[in-house]
Amino acid sequence: MVEYENASSEVRHIYDEIMQTRQTDYVNNFWRALAHDPITLKRTWESIKQIMAPGALDPLTKELIYIAVSVTNQCGYCIASHTASATAKGMTPEVFSELMAVIGMANETNRLAAGYQVEIDARYKPV
Amino acid sequence: MVEYENASSEVRHIYDEIMQTRQTDYVNNFWRALAHDPITLKRTWESIKQIMAPGALDPLTKELIYIAVSVTNQCGYCIASHTASATAKGMTPEVFSELMAVIGMANETNRLAAGYQVEIDARYKPV
Amino acid sequence: MVEYENASSEVRHIYDEIMQTRQTDYVNNFWRALAHDPITLKRTWESIKQIMAPGALDPLTKELIYIAVSVTNQCGYCIASHTASATAKGMTPEVFSELMAVIGMANETNRLAAGYQVEIDARYKPV
Amino acid sequence: MVEYENASSEVRHIYDEIMQTRQTDYVNNFWRALAHDPITLKRTWESIKQIMAPGALDPLTKELIYIAVSVTNQCGYCIASHTASATAKGMTPEVFSELMAVIGMANETNRLAAGYQVEIDARYKPV
Amino acid sequence: MVEYENASSEVRHIYDEIMQTRQTDYVNNFWRALAHDPITLKRTWESIKQIMAPGALDPLTKELIYIAVSVTNQCGYCIASHTASATAKGMTPEVFSELMAVIGMANETNRLAAGYQVEIDARYKPV
Amino acid sequence: MVEYENASSEVRHIYDEIMQTRQTDYVNNFWRALAHDPITLKRTWESIKQIMAPGALDPLTKELIYIAVSVTNQCGYCIASHTASATAKGMTPEVFSELMAVIGMANETNRLAAGYQVEIDARYKPV
């Protein structure tokens, strides 16, 4: 992992931006691993910064969606880091519980729909 | 698929409840396929009814999470039906766009985290 | 797709073996598509023939496991073809219903275990 | 994790039922983690109890299907716990070997079918 | 889908760049669907343009990797479009056959490794 | 795991072939775990040997494809072992970086294509 002290000025600039945007003095392992490839580091950070900013959806809801994807994919790192982020952004135990219940149920009915070979209802098809 | 006219009273009762809860006169293909197994129909409907009811998360946010799971799993039926449900519950084109962007990005970084074999930061580990 | 009439003798030999083993005069699309690559056709068929033969598990149970994997992966072709095979081998509607229920539940609890970041119990770890 | 001593009477009741149904004095981590949300604990346990009970399929076959899903999804916790359950229910090394072989092969041919873009045979389509 | 005639100048500019970069007069459905959200269209195109450009890996090898991911995820659209792109970039039937064989085998051994709960060899762990 | 000293002559023969083919004196955990089932060990090794041999694709490119599948599936063991194999076969840091970028992007656009319910362009459909 690339530590701040050993980083190029290009990488340091992104580390600074991550810490400033997130109002923290900690750069997590994901970014320090990615820093071996400054091009991917920069592109990924700029995409994340744009996508996770407040918009039509608030930042906490975006974290919940991130967790839903990460849990479905069984990505241990992403589950741990985004659960921490969501908690920092105000996820209560009640929200976490309901989030987990929806994720579990969706994964279940996704397979029932596939296994029963259910055809898409005419009214649900995109025009 | 089991049509209302040919359904047992047990299945009809669930169809009635689905239509009443959702304030519609349409029972979609998923339930009519599941109705071949009244036990699974009943259990799945009761779980869905409980999980998708308003709580710490509002019904639209729950639909967005459902879509996130379904898109990650490439479940065509579920994507179509829950996109329709979310739209009926007020999902705007702006919300849809941001939802898709977050889902896409999460699926990307899930793989970067795995491929770079990133270890979970000590501070993200559950106590 | 490679039809019997146009197939090389090498491919015809495998088609013959498929029809004989399965006691049918029909070679399904999967094999006719694979026949563009006789090496993969041969290796895949020989593996399938060995793996799906009666052993400690009977052929129907093996088909049920095949369906469980195919449904979890959302593979439309495989779901359709192995549901047909399982039915031909005696899968009743009751067995199908229970199979679907187990597949759905396993997909649900797989995500609950991941999302709650449950650690493996000491007693479940391989020695 | 919620230990028996600190659990509410509602949670204790479910722990008791789990231990009684499984004829053990051990409640595994999955349930103790889920107990933070008694509603999900109760719904999940009641679904599992209903689904995994003997029926058209025997309990061991149901465990094998559970393992097939868990392995396909790369769920470490679920693989470990259901392999232990299956072993307790009589899974022999021979059954385990054949199970693994079928799971592996199904995951392989699922991708060959997708990559070769094989169309579903008319005779395999649901009526 | 957003057609060129009805597109904003911002979207047209990206369509022009896609056609120029790929030396074609056709903009495929993926981009025309994404154009409903010009921000995601722009970010996705600029990322793709950067990532798929010749570098340490040649463009055809990058397409093969794209196909490997798409087949593993069972994404029908992506399999069809990237198989077409790879063919246009010189993928021979022999390369396609070997690609499919490797994808299939990797999906198989991924599950054997998981199901047998194989621990990572000390020498394979990242330093 | 089955060690060489305790292995049957049948298993030893395969261990010898693995070490000879790979020009190493190390048999990794995957094979030693699989050796509990000599039939699967033999079939898997012979398939791997055939598929990963130089052909229309060179061995390094095949390893890159293996990594793409393993990362998409979140298989920790396979990511670690095939990253080591690819490095031994000459994968440079630049190739690794580009590989990761393509895998990440493909996983992202796979979901955009699914979520936007993009239809396959007529020209991309297999004839």
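Order of writing sets the chain letters: A, B, C, D, E and F. Residues in each chain are counted from 1.
By definition in this document, a contact is a pair of C-beta atoms (placed from the backbone, for glycine too) under 8 Å apart; a residue touches a chain by one contact, two chains touch by 3 or more.
Bear in mind that the values here come from a model prediction, so they are computed numbers and not experimental data.
K.L.:
Could you find the chain whose CA centre sits the greatest distance from that of chain B?
P.N.:
F
K.L.:
With respect to inter-chain C-beta contacts, which pair, A-E or E-F, contains the greater number?
P.N.:
When E-F is set beside A-E, the one with more contacts is E-F.
K.L.:
Which chain maximises the distance between its CA centroid and that of chain E?
P.N.:
D
K.L.:
Centroid from C-alpha atoms only, then distance chain B to chain F, rounded to Å. What do you get?
P.N.:
The separation of the two C-alpha centroids amounts to 34 Å.
K.L.:
Where the CA atoms of chain A average out and where those of chain F average out, how many Å apart are those spots?
P.N.:
About 27 Å, centre to centre.
K.L.:
Compute the distance, rounded to whole Å, between the mean C-alpha positions of chain C and chain D.
P.N.:
19
K.L.:
Between chain A and chain C, what is the separation of their C-alpha centroids in Å?
P.N.:
34
K.L.:
Could you list the positions in chain F whose residues touch two or more of the other chains?
P.N.:
36, 39-40, 43-44, 47, 72-76, 80, 83, 97, 99-101, 103-105, 107-110, 112, 114, 116-117, 126
K.L.:
Taking the touch rule as given, give the residues of chain A at its contact with chain F in the complex, in rising order.
P.N.:
36-37, 39-40, 43-44, 73-75, 126
K.L.:
Contact residues on chain E for chain F in the complex?
P.N.:
Touch residues, chain E against chain F: 26, 28-30, 33-34, 36, 40, 44, 47-48, 51-52, 55-57, 61-62, 64-66, 68-70, 72-73, 75-78, 80-81, 83-84, 92, 94-95, 97-99, 101-103, 105-110, 112-114, 116-121, 123-126.
K.L.:
Can you list the residues on chain D that touch chain F in the complex?
P.N.:
Touch list, chain D to chain F: 74, 93, 97, 100-101, 104, 117.
K.L.:
Which residues, counting only chain F, touch chain C once they are in their complex?
P.N.:
So the residues of chain F touching chain C come out as 39, 43, 47, 50.
K.L.:
Which bits of chain F are touching chain B when the two form their complex?
P.N.:
Per the stated touch rule, the residues are 67, 71-72, 74, 76, 79-80, 83, 99-100, 103-105, 107-112, 114-117.
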